[in-house]
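Note that chain A is present in both complexes that follow, paired respectively with chain B and with chain C.
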Partner chain A sequence: MRTLENTTSEVLELAASHFNVPREQLRPDDDFFKKLGINSLQALDLLTHLENHFHIELPDYELQGVSDFRTLAERIQSRL
Partner chain B sequence: MKPFQGKTLSWQLLDGAIELLLDRAPCNEIGSATLGELEQFVMALSGSQTDAHALIISSARTEGFCAGADLRELYRESQKLPANLRASQLRSFIERTHRVMNFLDAAPLTTIAAVHGVTFGGGFELALTCDLMIADKMARFCFPELRLGLIPGFGGIPRLKRDLGNAVVRDLLLTGRSINATKAQAIGLVSQIVAEGDALHVARSTAAQLKKFDRKTAIAAKKFIKPIPSDELRHEIEIFCELFARPAVEAGLRKFVESKDALPYLP
Partner chain C sequence: MLDLRKYNSLGEALRAALDRWPNETCLIEVDRERENARLTYRQFKEAALPLAHALQDAGFQSGMRAAIIMTNQSKWLISAYAIFFCGGLLVPLDYKLTPAEQLKLLAHSKAEFLVVEYHLWRAIAQAEGFKTLATRAVLVTEATAGADLAGAKRWEEFRSAGEPAFVPRNRQDPACIVYSSGTGGRPKGCVLTHENYLEQCMAVTPIFPFWPGARYLSIIPTNHAIDFMAGFIMAFTGGGAVVHLRALRPEFIRDAFTRYKITYMAVVPLILKNLQRGLRQRFDALPPGRRKMLEALISLNRTLTRSAPNPTISRMLLRQVHDAFGGELRALLVGGAFTEPATIEFFHDLGIPIYNGYGCTEACTAITLNDSKPFRPETVGRPVPGMEIRILNPDGEGIGEVSVRSKTVMSHYLDDPEMTSETVVAGWLMTGDFGRIDESGHLQLFGRKKNMIVTEEGKNIYPEDVENAFDGLGVKEYCVFAANYLWPARTMVGEQLVIVIHLEPGQTVSPDLTANIAERNRRLLNYKRISGYLLWECDFPLTASLKIKRGELAEQIRGTLGRDSVLPL
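Right, the complex of A and B next:
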């Protein structure tokens, strides 16, 4: 069973890998829009990768107001 | 059927299948230019004696298949007109779009939507006119219209109701959420999920399979199992036009147009 810490770590890995950003530059409290330099279209790509990786469905309305990796990981964790 | 290269799309005949390729930055938003060229396509196809057995619709844009109606153009053009003429202009646009969608829906060949990335709103509706949908694993589907105070206006609801259970249609329509290709296949919307970037390739091999069958039989079978929900489509136009006239919709569109984000209505 994944812990929130594991989930957060996996989210950061996936984001780094998908958007070609060095993993060590990403922190759980970073704003992923600003840190990854992405817009809403690219955020959807990230969502798809996360859903496929964790085998979950994460309605995008649950991401309303979410802009940091830690809170994103919490939303994912609640679906595991 | 002669090949065509337009400003927003192109088509060609390849190995017995017509390939219609959407290519308008940023993500094939359907405005007057795309609609005009789709109308040209409809005329070319209906006027030709083509032996083509399949039509594949795909996108050249990396962002996705199609992000929907060109809301920015829709808003800008409506603002140029006095209030009493806006409704008729909108109705004209919607009715023209419905004619194109209805033609594609009933086209006398097997149609395949090869989709990837954003397949939203009017883009989702375009894909829904096709007999088969092949999605790459990064495709996402959405009817975001309720977020703007509207309903899908290009025939999406009647076509989705034709294909899926009502509960699923309610979920997509009333929440406005996007779903991925895995979910789309699980609910019966997508027939095949393929690797990222491979949708067109797989659509072509599917079309090659279809080539083995007698075309007249295939057309008869399609007509038998795929009714066109004409009454509901007409009703949808009325509801859409009525909703569009509301001040809240104008305000929502203005906010959309003023935003710099690609899809400002998403979280």
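Right, the complex of A and C next:
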């Protein structure tokens, strides 16, 4: 069973590799829109990758207003 | 379609539609590959009337205000119809706003009832200021079993048996309060009448007719004027169906085109560009021979459709591309922000009909529409029927402020007679955009007069709404501007916000200060962020009540500094 810490770390790694950003530059409390320089459509693309990785469904409507990696990881963790 | 001249209100027209096509499908709701709901007009009525009755039982009366905060889904439209049926005034709020912003607009609108999705309600209930919420009743959809509803009622259980009484409204009565901006500063609640909506629908429907079997894919938030008009009023009064997707990923949108044979979809430029990127990638992946063949076919299609679109020829030449869009697409409507001509041209060359337009909430959506007859992507098309356009104080090249007059122009801004009188002058709506009408009657836009930007996602951003984020910044004074307002550029793309900073005497720009600005900027929603800062050495001109005279300050900056003085964060 993954811990929230593991999940957060995996989210950061996936985001870094998907958008070609050095992993060490990403922190859990970072706003992923700003840090990755992405728009709302690219954020949806990231969600799809996270779903495939964790084998879960993340409803778009439940993620309205989520913009930092930590909260995103918490939402993922609650579905694992 | 219904003859809308016969009806006095949206409720009356929608009620007639439900009776006219009882067995036709009006709503399809899809969550990924699962269909959540498929309703006929009769089933829609059967879902809405018990809700309307329960609203009436709870004291909801003619002229009362009810807000909706929901993502695009069937319960949005069912609730809206129930509100109109009761003679209520609908306040559609943006589900993408922060809970604090939603609370602010709920208070400003004085909405007495609220319909909201559970996950959004949960965030609102946890927000600072929640205790000040003064709604009489809140209905929450899709709450999980045992969920803490924070005093709300479950939408699914809020039903009363028996026939509710339909409440008629007059054409001049307000139908909706739609916020075009003002979440941070001064709210701009456009009060739109039943006539505004009925007239807009009558003007646009001949260009985009609906019929039983026609399908509209709804992806722009329904609180946005475009989706509310096309994906509710136009679709329903024509007997068409609206397809809602609960998962708005590109792969599910692509799937919906082919699965539901979509007729129309409205998009903002950002989504259109994304579709363009996806198609380009697929074209680039073709083997060289096929790629060459495709380019030849695109070139041939471009030549044959220059004077007017020809779907038959385009589908024949570029069948695979059209099949990917379901094969029955009549139009992609693009609005909400300015679309770059190159993007429109890309789709036009493929024979995918793009109708770009120009409009604003204050004019109840569309002012002009480009019907590609002939193809003029550098313009936003001609005025829609019933719309008069005047260019005020044109310069030597005929460019001036665009003002419009029509039965679709809003009644007023809610509780703001001063802003109303500045915006609607003797019946003419001052758009704040610069434009020129060419000899063929097409409107071409050349930037904004107003201190604002519009993002590719169709968001109107006013600098005043962003400034709160910098409250208490350790400088003498600051002010946020749209860069194109400070330095007019004859373009509608690449708009940015900048913060002008006046330091305390002897203060210098320290790494701490820039880090503080960057940190506050990060807390803003991504589309509201500033892109740089500008140092200004003089005191800001102030009014007697110590407000910044923005126009005067802009003029001073414009006369002294250039755009290259903006420093990145």
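To be clear about the criterion, the second predicted complex is superposed on the first by the 80 of 80 C-alpha atoms of A that agree within 3 Å, B and C clash if a C-alpha of one lies under 4 Å from a C-alpha of the other, contacts with A are read in each partner's own complex, and residues count from 1 in each chain.
By our rule, contacts are C-beta pairs under 8 Å (C-beta built on N, C-alpha and C of every residue); 3 or more make two chains touch, one makes a residue touch a chain.
All figures in this text were calculated on a predicted structure; none of them were measured in a lab.
When both complexes are superposed on chain A, chain B and chain C end up clashing with one another. When the two complexes are overlaid on their common chain A, residue A:D31 makes contact with chain C while staying clear of chain B. Of the two partner chains placed around the shared chain by superposition, chain B is the only one that A:N52 touches, whereas chain C remains out of contact. Contacts of A:L80 after superposition on the shared chain: neither chain B nor chain C is touched. Look at A:D60: by the touch rule set out above, it reaches both chain B and chain C. Using the contact criterion defined above for the overlaid structures, shared-chain residue A:L41 touches chain B and also reaches chain C. Taken together, the two complexes place residues 39-41, 44-45, 47-48, 57, 59-62, 64-65 of chain A in contact with chain B and also with chain C. The part of chain A that touches chain C in the complex is made up of residues 31, 33-34, 39-41, 44-45, 47-48, 57, 59-62, 64-65, 67.
Those residues of chain C that touch chain A in the complex are listed here as 31-32, 71, 95-96, 98-99, 117, 119-120, 123, 246-251, 270-271, 274, 456-457, 521-523, 525-526, 529.
On chain B, the positions that touch chain A within their shared complex are 27, 63-64, 67, 117-118, 137-138, 140, 175-183, 261-264, 266-267.
Chain A meets chain B in the complex at residues 39-41, 43-45, 47-48, 51-52, 57, 59-66.
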